[in-house]
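Across the two complexes that follow, chain A remains constant while its partner is chain B and subsequently chain C.
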Partner chain A sequence: MVVVTPFWASIETDMPIELWRRLLPPRVTLAAGLELLIRPYHAYAIQKNSLETVRGAAAAMLERGADRVYLFNYMDSQTAMERAEDTKAVLNECGKLSTLAGKTRRHVATYTDTWGPDEASAALLPKSVGAGNWFALRIATGPKVSRAEVRLGCEGPAPAELRLNGVKCQ
Partner chain B sequence: MHVWTADAAAGQPVVTVIDARAADAPLKVHWAEVEVLG
Partner chain C sequence: MERSILLCRAFLALPAAVAAAAAAPTGDRATALGLNEDNSHYFFTRAGERLDAEKVAGFIDQYSGTQVRELMLSANSMRTSYASEVWDPIWRGYDANGPDDQPMLASTPAASREGSHKWIHTAWDLAQRKIDPQ
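So, the complex of A and B:
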């Protein structure tokens, strides 16, 4: 088994699982490693995943080709989710797309907390958008989305317009 | 936190376009997420 995982500082919601699948022989089981912590960039306040954010990351990784979900630091003591009952739900729901189906999930833009020699460190956020400009970000959302909400934490005014897959949000 | 809803955001992955072309001041995004409603 190969477990693809960030180092420790945040769950990584955009790991290129499909590339790992292509690189590995079919006999190798491929697991997506999900960290307990979640943040969009390193200087952001440390916080823990919720049931909904784990569902989101698991759905995205399974849909991209992971055979398994590997939970790191989802313990029942010091390094635990905020609500103990959520740990049980994570264990029951987040191993298969079939058990995630129909449940609300959150897909959060996070960052890569480690990188190889000569590889640039990268984080999508924070991102400044000047008046008169725009930017786009891609968030893997697992199986096909039919209805969604977008949440942005911004400094300054709200964006004039926001679109999901070309659909103008209300 | 600002929240927007899209009722027909078909397909995936989701691309979120943040348009500040009509804004009169810069904005800085610190957090971005898509909640898929069950």
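So, the complex of A and C:
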């Protein structure tokens, strides 16, 4: 088994699982590591994943070809999710797309908390956008859903227009 | 339920069986969960409890019937959390009657000493009573 995973500071929702799958022999079980914490960039307040964010990350990783979802630090107390009932739901839902289907999930832009020598550290957020400009976030979202809601936190004026997969949001 | 628990324990005790199962996923078990338990969490969260062999072994029962297929049990960092005869166990140099700030924990940040003490004491106590959590 090979586990692709961030170090600890945040779950990483855009790990290139499909590339790891191509690199590894078929006999190797490929697991996507989901950390307990979640944040968009390193200076952000430490917080834990919710049931919805674990569902979202698991759905995306399974859709991209992970054989396994490897939960790291989802223990049975203290080093655990905030609510025991959420842990129970995660343990019963988040290993298979079939049991994730139809359930509310969140897909959050996070960052890579580990990088190699001479490799630039990178985070998509926060992002400064001047008047008249735009930017895009690519977020793996797993199987297609019929309805989605976009949440974008802003300082200053809200964007004049927001699009999801090229479609203007209502 | 009891049979399921026993099978689960036996399964986890046989690495070869785990490997075989992982290599040939079938049907609805084609994907599922792995889960870690680190080398200190069990011990400091069970501090003060009267643990016996059945209770320790029963730790994995909570995962019976869930999607968890593999439990990854961390046995050590620089020291082991069990009575290794090769590496130093975490209680080497430990004074079971000593306080949180005993010499062994002098290099541990003050805020972490209580938790470390609980971890070490529980692991030490299990070892004294020949209960092997691994």
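As a working rule, the second predicted complex is superposed on the first by the 170 of 170 C-alpha atoms of A that agree within 3 Å, B and C clash if a C-alpha of one lies under 4 Å from a C-alpha of the other, contacts with A are read in each partner's own complex, and residues count from 1 in each chain.
Operating definition for what follows: contacts are C-beta pairs under 8 Å (C-beta built on N, C-alpha and C of every residue); 3 or more make two chains touch, one makes a residue touch a chain.
What you see is a predicted model; the values in this text were computed from it and never measured.
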- Query: chain A residues in contact: does chain B have more, or chain C?
  - Reply: B
- Task: Have a look at where A:62 lands relative to chain B and chain C in the superposition and call it first, second, both or neither.
- Result: second
- Message: Just to be sure I read the superposition right, which of the two partners does A:73 touch: chain B = first, chain C = second, or both, or neither?
- Response: second
- Quick one: classify A:29 as touching chain B (first), chain C (second), both or neither. second
- Query: If you stack the two complexes on chain A, which partner ends up touching A:150: first (chain B), second (chain C), both, or neither?
  - Reply: first
- Between chain B (first) and chain C (second), which does A:2 come into contact with in this model arrangement: first, second, both, or neither? neither
- Query: Which partner does A:95 reach: the first (chain B), the second (chain C), both, or neither?
  - Reply: second
- Note on the structure: Overlap of chain B and chain C contacts on chain A, residues none
- Interfacial residue positions of chain A with respect to chain C in the complex: 1, 3, 27, 29, 31, 62, 66-79, 91-99
- Task: In the complex, go through chain B and note every residue touching chain A.
- Result: 1-38
- Task: Report the residues of chain C in contact with chain A in the complex, numbered from low to high.
- Result: 22-23, 25, 28, 30-38, 41, 45, 62-63, 66-70, 72
- Item | List of chain A residues in touch with chain B within their complex | 40-41, 44, 52, 56, 59, 63, 102-109, 124-170
